[in-house]
Every structure is written in structure tokens, then in C-alpha cells.
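Can you keep this structure in mind? I'll have questions shortly.
Chain nomenclature is as follows: A, B and C, assigned in order of appearance, with residue numbering initiated at 1 for each chain independently.
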Amino acid sequence: MPKDLLLFGPELMLLGGALLVFIASIAKEPKSEATWGMALLASFAAVGLSLLTLHERGAPFFPGIYRVDLFSQLLKLGLSALLCGVILISRNLPSVRPSARVDAPLFLLLSTVGMMMLVSATELLTMYVSLELSAYGLYIAVALSSKPRGSEAAAKYVLFGATSSAITLYGLSLVYGTVGSTSMVKLSGALVAGADPLLMIGMLLMFAGLLFKLALVPFHYWAPDAYEGAPHQMVAFIASVSKLGAVGIVARFAAMLPGGDSATLFIALSVASMALGNLAALAQTDLKRLIAYSAVAHAGYLMLGYAAMSKTGLAAVIFYGMIYGASSVLAFVVLSALGRDGENPTMESISGLYQRSPLAALMMLVAIFTLAGIPPTAGFIGKWYLFAAALQRGQFWLVLVAAAASTVALYYYLQVVKAMYLAPPEDRPRVELTFTDSLAGLAALGFVIFYGVYPAPLWELAQKAAALLG
Amino acid sequence: MSSGTLALLCTHAPLVGCFGALVVLRRAPRAAAALNILAMLASLGAALAIFAGSNHQPPTIISLWLSSEGVPISFGFLLDGTNQLMGIIVALIALCIQVYSLGYMKGDPGYARYFGLHGLFAWAMLSFVYSANLLQAFVFWELVGLASFLLIGFWFEKPSAAAAAKKAFVMTRIGDVGMFIGLILLLSSTSTLDIAQLMQASTLASIPDARLTLIALLLFCGVVGKSAQFPLHTWLPDAMEGPTPVSALLHSATMVAAGVFLYARFHPLFVAAEGVSNIVLVIAIITAILAATIAMVQRDMKRVLAYSSISQLAFMLLGLGAGSLYAGVFHLTTHAFFKALLFLCAGAYIHQIGSNDMVTMGRQGAAKLRLVSAGLVIGAAALAGLPPLAGFFSKESILAALHGAHANAFVYGAYLASFLTAYYTFRMVFLVLRPSDKSVLPAEEHEPHPHGDVTGSMKLPIAILTVGAAAAGFAGDFIAKLIGAKALHPTYGEMAPAIGIALAGVIVAFFEFGRKDAAQQGFITRVGALDTLFERKYYLDEIYDKVAGGLVSLIASVSAVVERGVLDGTGDLAGNLTIATGDATARMQSGRLQLYIGSAVLLIVVFCYFVGGY
Amino acid sequence: MVLSAIILTPLAALFLTLLIPARNDKAIKAVSALAGAVTVALAAYVWFKFDPYSTARYQLVERVEWVPTFGISYYLGVDGIGVLMTMLNAIVFLTGALSMWRLELRVKEYFAFMLTLVIGVFGVFVSLDLFFFFFFYEVAVLPMYPLIAVWGSTRKEYAAMKLTLYLMAGSALLFPALLSIYYKSGLNTFDMVALSGHKFSEAYQIFVYPFIYIGFGVLAGMFPVHGWSPTGHVAAPTAVSMLHAGVLMKLGAFGILRVAMPLLPAGAAYWNGPFAALATCNIVYGALVALKQDDFKFVIGFSSVSHMGIVLLGINMLTIDGMGGAVFQMFAHGVMTALFFSAVGFIYDQAHTRDIHEFGGLSKHVPIASAFFIIAGLCGMGVPGFASFWAELLVFIAAVKTMPLFGVLAVVGLIISALFMLRVLKHAFFGPANPKWQGLRDVTAWDALPRAILIAVLILFGFIPRLALALIASSVRALAGGI
């Protein structure tokens, strides 16, 4: 069935790419250049196919289990584009063990396939399997680090991830037990019909597992250590592709929830995340750790959209997920260039970046402004939509807290700006951006500026996608 | 030319001079001076032409200047008799003094600036005089103050001049604030600030009594500041730091007269306001005596004249407060002539001898300047109120007005002040013109620094003003007709005591200072305490400085501490607390996996408990 | 399209600046100055094109749907107030660019950030869409950070951070308030004109008004959240101080006039008493603190706090006189402060100190440069003949009439402002000439140009206040009439 194949195209492309990379890596003298090129091509193709199928609808292969619609394809487009960005900056992997450099793209591709399936899954087991597929890729990716700290980070990541998987699975079993089906459609119907406490607990437990991906408080503990210990590019992947995938699946679940208590819970988690993430980030000097805490805070902002329990809220979440992914890629273009010696970039090592590479400094500046939500970057619009969604539910004080948290966040963002633009470079080396680095960076930069000034196209897609949920 | 055009010419010609001197002709001082004198001539011509035109013209409104909802302000000229008279006086005196300055300021590096500022002043003062609207008048009133500030501080490198300029500005501003509030109250009570309209009985009657009194008192605050009345008088003597012609122009004849002029302008209002005239009289009598007593013990000639100005301005207010517009305006006119004359004479001595000290002047042979000395004597006689000179007539009419008023205490007070005036004036004359070998007065510490000879351009104005000081007293009826007020002709019975008192003052001064081998020691020195009190100007400067200045400084210091400590401190504290919380939060991330997972699971259990109800 | 052109001119200059190589600093400066001149011309065109007697409140309107599903449109238009403010920004932009002619440090970035700031400010003044208003508002605020932190002086990093955080905290108050207005109206539009037609419930207006007022008030230097402004003024380089005190602070007051009051008239009527009280604190307290400062720029900084108090007081009178005076004061104070900082900057650039006690008799050494400062000082004291006199006059008249206590206190504040200005003049410009400054260079004709432009504007509007008052009259009437 060619139509079905086409609809499954992006996943197939990445799977194919993964296969090629696998074959190339078991060759006698594997070349990391070759596997990198293959992965790049595959991700490009995936982008193309996602675009091609953006407005298609259907259920390839297994009706009721796998769904292709604007929601899934928009997210797949985002996932593949972000993957592209990550691979573009992964040509050199200084912080990956030399022996594993050839294999690294494989895990990225496989994990992304998992993400893509995750956003299309409409059946709980499929969802769970996809989730695990994407997670295993990541576990290994984190473990590829050449540093001892990397193994420690990976161990924590795996253990924490395994726990959360277990919780999810337990929740899933409870849900299956009450609903008698693993179909999300049936589940949704059951949720509407009435709130069986056991079902609610099951939902909650499943959710907990998903929130782990988002690094929402209290499931965030892994993030700072994993970000710090993992290779730069793998962190870029976690911060962009993996985050967007999580945003998608949480959106699908959130759309099913009936509101009420869960909204209150979301709000509590949102406030806790914003507060903890932003406050803890104040004390960081390791930039990857800083980004990790800022990610916790951003999970809190995203939660505002989920807590709104509305189409606007979900659209805002999708929109913000895309923007956040792009800004992460943008930031890691610079951070990975800075960390070319394998060390983690710090406030110290970024000092005087402006003199060492004006373009890199500009990219980092835009990335930071996006994260901080300052116009004319899309981060501003993203926050505007998220906050608007919360206010639509009359959450005036919640938005006030969120806005205040953003003000606190500005302090540490500006510390980075200060280091880049004000501190003297002293004898730190120039920072060279390779062609592919620049390509990824400029694309991301263009993306956040363009949608910062003219958000309508992306916003409308996000709105249409959100309308298909629930 | 229509009278409106003439008024425009009269008021704005000096502005052209000002602009020319300050901007265009900065490097051509002589041309700047010439331009300003020409402009002043044009002003005088126009002022005379307005006068020559028909009398009592209605105000000529040129245009609506500014209009907001409740503040319609017309820019126009009120060309009635009072204004015509004042316009001519201002233009004439200003012209005389500019001519005089040609010689006096010769060689000063700021020659062009000096004339430019003169132009600025003349523009402001003339525009003030002809204003048809109280707000317009207030604008120029403030500009007069500005010009005065700049002229007092003309020699800005002298710290004393810089301080005096600041003091003058601040003290008059205190009065102005009161006046400004009064003006706003007047506006909100009548919704007009048109002077002619305001002075109509029907308009005044429409204001509630208490409010009218309040308005009158507030307006009077402005008068007190500008005309240097107690308690805001202390700036005027210090203002003598400016060049002497400036003192002659601003601090005797015109600027300080603006306050009295305003009072005269609003005479109907002050009369209608119950109880205000008594307050005015009290303030005026205190000022007259206070200033005269201080003048008795000064050695600096300009300071004597400065205190005499304060005292004479108080006299004018006495006349006005007693209800006689005529007496006040008449004295204003005559005073302009003789006081300007006295200052120019003082300037001539200072120029020639190089010292302000009267004893030094006398010993250096001031009397040799014949024309100047003649002017001094005539001016002094006029100031002392000796017949038949200008001051005599106007002072008599003030005393006559006071006789008519209810409380006679004021008359005796005025007699005392008259006596003191005659005394200190002639003390000055004798000190300057009749140095005594037996004088007990010590010589000045500083060597005098002569500037140069008295030039013809300085002598001419002195001559003109001498004539004025001698003759202006006969213009009484003319002035009465011009301003439309009833002339007062005191009886001989009323005149006799006044003449006697003035003569007594002159005679005492002669015995102490004027006769051959006089010890040149005033009777007041025998009462040491009083002498010191007068010498130290009743300690008012110190009191103001300590009390008011100290209070403001204290409040300002407290504010500055609040700013640094409380407001900034709170902001910084909030920031530091946030960062400290951040550190604490980050430290919670201990890196122990069991703890992470344990706490996450615990939280889930807690949530389950709530959600599931278990 | 002229309003778009006003925003696009500095934008084009920004791109051009980014393209010019950094070593070609003269060209970069020329681009900015030229853009400044063009915006002045465009603002003048708008001024003449704007018909104050027309019944259309907002004119020269441009509208393009931007995010239709969210009710956002690119909607520009000006009323009289907007025209006046646009002109102010254009003038300060031009003179600011000219005042930085001698800058040598990192010229390219400096002008890039300055142009960004200018774009934001123009955007705020001409936006009629709440979203774009806020968008440009934020664009205007952020460049202050690098501008102060890189090119500033005196605890510059602290000042820059403080300023940014204060202003962002203000924005944090605005964010929920503006969005809640959008939803509360139920109109699904950010069009401010449409929103102002909607009648919000009184209780809601009273609840949300203080958030918007204080949110904008922070930028307007409102007591007691003004702390960022003097510190920021002091630390900022000349042209940034000019733009900052001259224009940026006006954005706050403009926000109150454009957003808070038309949308929430009942809120304004409810809260005007307490806010007028705070404005009076601004006036008196600012002047008192200024009295104790020894740094030139701190004196001016606190005088700005005091003068912005006059603006806020006028606004809270809710009468035509008061608000008209306040708007005029925004303009007059903008030009005046620009002159102040321009004059101080010239002296500081050579002397490298701003302690008034270290100077003395400057009028002797640099008469013209001193004259610029003295003129600004006179203007600051409210001397007639300069634009600010009329503005203050109207505000005081309105205040004494409407709230006599605050009015009288504010008028008494005039004495203190005379005191602190005169103190500076006395210490720095008068008195014995300090031989240390013998070598100071006086202004050249080129240096004098921007300052002379500012003085000319002050005097022009000081002599013919009707120019501005007629322009804003109908807009202010509409504004006051709506409350």
C-alpha cells in the first residue's frame, strides 16, 4: 500500500538511515564521517517526507493503533528538523568516546523513530513501546560520554528512567484493568463517563512517567546530572528532539483529561517547576547545568498550557515546544563549538565570546533572548500564547507568578550575556564555527526570529493540530 | 502705528538686543552695547508714543496664547494710565543706566553678555508692566527674576556673587510660590485672569470673602518676595554683589518695584479683601523700621542704599495698604528717580575710588567729583524727604494716607522710619563728602582698586536723574490724573511734623558725622547690644540659614538615606535573597539517586492519595 | 504608510549598520545621524498631516491582519499625543546620534543597539494594537542592558542589571493584566480602539488597573519603584542617558495614557487619589534627594524622578488641563533632559569626573558648553520661556484645583527644585575658576549642533506652547472625556 508507506515515510526514512548507519559501523574500518553523512541524509529525507505528508490523514497499517494527522505530522516535521539540526552539529563528537563516535548517529536516529511513533500512537501499548524505544536510544547516547562523569550520569538517567517506566507500566495496567482496553479512544470515553478513582490513579501514574521526559518537578532530578555528564550533542538532542516528543505525547494525554483536580495538580507542578528551575539556575556556572535547570523552568511554563485544558493551551504548548526545540539547537550550536575540547562550557569559558566569534555570540544572544522570552524572538510570542491560555481560564495570579519567574530567569540569562559581551576574552582561543554549525545555527536563528515577528503561519498550524486532539 | 503695535515694539525691542548681544555679537561687544541702547531708545520712544496716544485704552488683545480647557490665556497689552506711567519710568531708567554702563563696564570681559542680559531684563520688565493677563504677568514676573539672577551673578567667579544670585532666586521663588497658588485660586474662582476684568467690582464681589482674603494674602506673598519685604527681604542687600548699575536698575528702580506695582495693579482686590490691608501695614511698618535701623550702621555704601530701598518699598506699601493708590504709585515714581540716582552716584565713586566703603571714599577725596556729589546731595535730600525735592511730596502723601487710616500707631511708626531715613541718608552723605580727621572709624583692610575716571557717558545719566529727583515731586496731580486716583494734598498741619522729623534726622547726622572734627560715631554705638543687633541684621540670615536651611537640609538628608538604605536597600535585598534561595535550591540537588527516586515516588503516592481518595 | 516608514527607517539603518565593517565607524555614525534626520522629517510630515480638528481620533492608520486567529493585527495610528511623542523621539534620536560623534569604543554594536532601542520606542508610540504595543515596549527596554553595561560608567554592571530587572518586573505585572483584558472583553482582538469601546465591569477595572498603572509606572520612574532610574542614568553613556531619560521613561507614562486609562476609565477614576499622592512624593522626594547628590548625573537623575512626578500628577488629575500639561511635560522634559545629559556628557568626556565639587567656575573655561547646561538647568527650574514652564503650569493649575493638598505640595516642590539646580550651578559653573580645568576644550560648531537643536526646540515651544497644545488638545479631551 504505497499510501500507507508514504504516511509512514518519515519513520521509514529514519529507520532506513539507522540500518545503513548500523551496517556502516560494523564495517572493518568504520568512518564516522560516513555514518554522519548517512544520518544527515536520512534526517533531511525525513524532513522532506514530513512536509509532504503534513496535511495527510490516515491510519497506516493498524487502524486504531497508529494515526497520521496534522498533529502527528507537524510534530514529526519538528522532530526531524530538530534532529537535522543536532546531526549538523554532530560531525565532531569530542565528548564521545572515540570508539563510539561511529555509532552515535544510530542511537539518535532510533530514538527519533521512537519519538515519531510516540506522537502517532493511539494505543497505550504502542505508546509504551515507542516510549521505551526512544528512551533506550537516549540511555545509550548519554552513556557514550568519554568522561567518567558521563557513565555516572548515564547510570542515574537509566535508573531514574527505568523507575519512571515501571511507574508508567503500572499505571497502564491499572488503566487497562478498569477500562478493559488499551485504545486511547476507549480510555477517553471512560474518562468522560466518570471518574473512577482507580482509573484516575492509573492515569496519574502513566502521566508521571511522561512528565519524566519533560523534566517537570519532581521528576526533574535526572536532568542536571544528565545534561552535565552527557556529550554536548546528546544533550542538544535531549533538549530539543526528546523534549518535543514528550510535549506531543503529554498533549495527547492532557487532551483526554477531564480537568478539575488534574488542572490543580498541573498548576501546582507548574509553579513548583518554574520556581525551582529558575532559582536553582541562578547558582549555576556550568552552562549545561544552567540549561538543564532552565529546562525544568520551561517545563513549568509548558505546564501552564496543559493546565489550561483548552485547545488554545494545547496549541500554545505545541507552538512553544517547537520554539523551545529550535532555541535549544541554537544554544547548543554555540555550546558544542565552545566545548570542542570535550570540556563543559562554563561562564568562564564563554567569557569574551563576542571578541572570539561575533557570530557565535550573536547566536547565543538570540538563543538566550528566545529562552528568556524577549521580542523580537519567538520565545516572546510563545510565552504570550502560553500565558494567554492560562488567562483564558482566569488564572491571573498564576500568570503573574510565571511572569515574575521569568524576571528572575532574566538574571541568569543576562549573566551569560554579560560574560559573552562584557568580560574580556583574555587569551582564550577563537571559536570556530564549521560550515554545518553555521548552517544549523543560522537556520534556527532565522526560525526564531521569523516566527517571532510573524508567528501566524506556525500558530495556525499548531491550532489546527491541537483541534485534532482529544 | 496702532497702540498694540507700539506696545509690541516697546516690549520686544530689547529682546532683539538681547539675542543680538548674546548670540550674534558675542565677539563685538561695542556693537552689542550700541544695539541694546538703540533698542532701549526704541522702547522709550514707543512707551512715550503710547502715552501720547489716547488715554485709558482698553486692553489690546493680540492673540490667544495658550488654551487648555480651564486655562485660557490671552497675550495682550493693557494700556491704561498706571501701565503707561510705569512703562515710561522703566524704559527711561533702563536707558539711563545702559548709557551709564557704557563707561562703568568698560573693559569687562563680559561686556556683550552684560548688555544682552540688560536687554533680557528690559524685555521681561516691560512685558510684565504692560501685561493684560495675570498669568502673562506672572510669566514675565518670573523672567524678571531670571534676569535679576543672571545679573546679580554677572561676576560669577566671585563666590559671594554666585551665592547672592542663588539666594535672590530662592527667596523670591518662595514668594512666587504663594503668588502662583493665589493665581490658581483666582482662576478657579473667576475663570478668568484678565486683569481689567478681574478688577471689576462685580468680579470681585463674586468671590466668597474668605477665599478673597486668602487669594489676596497669597498674591501678597509674591509682593513680599519681589519687593524684599520682611521676612523675605534678606536677598536684596546680598544682591549688591552685582555690578552697581545693575543694583541701580534692578534693586531700586524697577525689578523690586514690580512687587509694589503688582500690588497697585491689584489695588481694588486688596481693598476688597477683608483684613488684608492690616497685615500689609504691619509687614510694611516692620520692614520700614527694620531696614532703616540696619542701614544706620552699614559702612558699605551700596548696602546702605539697599536697605534704604527695602525701607522705601515698605513706605510705598504703607501708602497702598492705607488705601491710597495715588500715594503708593507716586512714591514709586519719585523713588525710581532718586534711588537710581543715588546708586549711580555710588557707582561713580566706586568706579573712581575702587571701594564700596564710605569712609574710604571720604578719605580718598570723593567730594572732588563735583557733579556726582551734587547728585548725591540732591538724591539724599529727596530720599530724606526734604522739601521741595521729589521724595518729600510723595512721602507726605503716604503719611497723609496713613492719617486717614484707622490705627495711628502706623503713623508714629512711619515717623520713626522717616527720622531714621533722614539720619542714615545724611550719615552717608557726610561720611562720603566730609571726611573727618578725628574720625574713630578704622580704615578698611583692603587697598582700594580704582577702575578709572568717571566718563561723560556716566555723567549724563546722573545729570538727567538729578533733574528728575529734583522735579518729579511736582508731578503729583498729573500722576493722579493718569492713574485715575484721587490726589492727596496734605495740610500744613500734617506736613509740619514730617518736615521737622526729617530735619531732626539730618541735624543729628550732621552733629555726629558732618561737623568739623566729628567723631563719626553714631548714637546707636552707645547701646552696644542694639548696635550689634543692627550690624548683624537682626541675625536673620543666620536664623534662616540654621532653621530653614538646616531643616531642608535635614529632610533632604533623611530622604537621601531613605533612598539609599530603604528603597535601594529593599531592591538589593530582594535580589540577594533570590540569589541566596537559588543557591540553597541548587544545593538540594545532592546527587544521590535513592533520594531522587524516593522523593519522586513519595510525591506520586501523595498525589494518588488525594486524587484517588485512598 | 508614513508610520511604518518611521519604524522602518531605523530598522533599515540597523541592517545597514550590521553590514558596514566595524572599522568604518564614521560611516556607521553617519548612517545613524542620517536615519535620525529622516525620522525627524517623517515626524514633521506626520505632524503636518495630522489634523487635530478632525473627528477621527487616530489618524494615518495602517492595518494588516497579523495573527487573525488570535486577534492580533499590525495596526498603527497616531493621535495628537502620539504625534508629539514621535517627534520627541525623532529629535532625541537625531541629537543623541550627533552627541556620540566622538565615540570610539565598539561603535558598530553601540549604534546597532541604539537603533534597536529607537525602533522599539517608535513602535510603542504608533501602535494601536495591544500586542504590538507590548512587543515594541519590550524591544525598547532590553537594549538598555548592553548599552549601559558596555559603554557606561560608575557601577555600570550593577546599574544595568538593576534597570533591566526593575523594568522586567514591571512587565511581569503588565503581562497578566494585558492578557486578561483581552479575554475579559470577549472581543477576540488586541485592537486597543475596539477594546476601549468595551465597557468592563467596574469591579474588574478596579482590580486590574493598578497592575497596568504600576507596570508602566516603573518605567515612568514612579515612586517608590524609581530606584533603577537615577542609577541607570548615571551609568549610561551620553546618548543612552538622553534616550533613556528623554524618551524611554515617557513610554511608561504613554502606556498609562494609551492603555490603562482609555481601557479602564473606572479604574483610573477609582485609583487616581492614591496615585496622585505617590506622584506628589515623586516631585517632592525626588527634589529633596537631588539636593544631596554630588554627582552631576545623579542630580539630573533625581530631577527626572521629580519631573516625571509632575507628569504622573497631571495624568492622575483626569482633567483636560492636567493631562494636557502632563503630555506637554513629557515632551518638554524629554527635550530638556536630553539637553542636560548632552551637556554633561560633553564635560564628562573630557574631565572624567562628574563630582560638582571638583569643578568650579566652568563658565569661565568653557562658556558655551556651560551655557548649555545652565539653560537646561533654568528649564528644569521651571523658568518661563522654555517649554517645561507651560507644562508644569498646566499641571499645577489642574492639581491645585482638583486636589489642593497635592497641588500645593507639588508647587512647594518648585522651591526645592530651584535649590538643587542652583546648588549645581553655583558649585560647578560659578565661583572661582578651578585652574585644573584650564585645558578643557569648548564646543566646536559640530558639537554645538545637537545641543543647539534641543535648545531651539525648548525655546520654540516655550514661546509658542500653542503649537503643541493645539496638537494634543482634541486627543486629551477625548481621553479625559472618556473617564
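Please note the rule applied: a contact is a pair of C-beta atoms (placed from the backbone, for glycine too) under 8 Å apart; a residue touches a chain by one contact, two chains touch by 3 or more.
Please read these numbers as outputs of a predicted model, since none were measured by experiment.
Trainee: By number of C-beta pairs in contact, which chain pair leads?
Mentor: Pair with the most C-beta pairs in contact: B-C.
Trainee: Can you figure out the chain closest to the middle, judged by Cα centres?
Mentor: Of all chains shown, the one whose C-alpha centroid lies nearest the global centroid is C.
Trainee: Let me check something: if the centre of a chain is the mean of its CA atoms, which chain is farthest from chain A?
Mentor: With centres defined by C-alpha atoms, farthest from chain A sits B.
Trainee: Give, as an integer number of Å, the spacing between the C-alpha centres of chain C and chain B.
Mentor: 36
Trainee: Mind checking the centre-to-centre distance between chain A and chain B? Centres are C-alpha means, answer in whole Å.
Mentor: 77
Trainee: In angstrom, rounded to a whole number, how far apart do the mean CA points of chain A and chain C lie?
Mentor: About 42 Å, centre to centre.
Trainee: Which positions in chain A touch two or more other chains at once?
Mentor: 411
Trainee: When you check chain B against every other chain, which residues touch at least two of them?
Mentor: 575
Trainee: Pull out every residue in chain C that's touching 2 or more other chains.
Mentor: 165
Trainee: For chain A, which residues are in contact with chain C within the complex?
Mentor: 369, 374-376, 380, 384-385, 387-388, 391-392, 394, 396-397, 399-400, 403-404, 406-407, 410-411, 414, 417-418, 421-422, 454-456, 459-460, 463
Trainee: Hey, which residues of chain A end up touching chain B in the complex?
Mentor: Going through chain A, the ones touching chain B are 155-156, 159-160, 163-164, 167, 197-198, 200-201, 204-205, 208, 218-219, 221-222, 224-225, 261-262, 265, 276, 278-284, 293, 408, 411.
Trainee: Using the touch definition up top, name the residues of chain B that touch chain A in the complex.
Mentor: 575, 578-579, 581-583, 585-589, 591, 593, 596-597, 599-601, 603-604, 607-608, 610-614
Trainee: Taking the complex as given, what residues does chain C use to touch chain A?
Mentor: Its residues touching chain A are 66-70, 131, 135-136, 138-139, 142, 145-146, 149-150, 157, 161, 164-165, 168-169, 171-173, 175-176, 179-180, 182-183, 211.
Trainee: Which residues of chain B touch chain C in the complex?
Mentor: On the chain B side, the touching residues are 64-71, 135, 139-140, 142-143, 146, 153, 156-159, 161-163, 165-166, 169-170, 173-174, 177, 180-181, 184-185, 187-188, 552-553, 555-557, 559-560, 563, 567-568, 571, 575.
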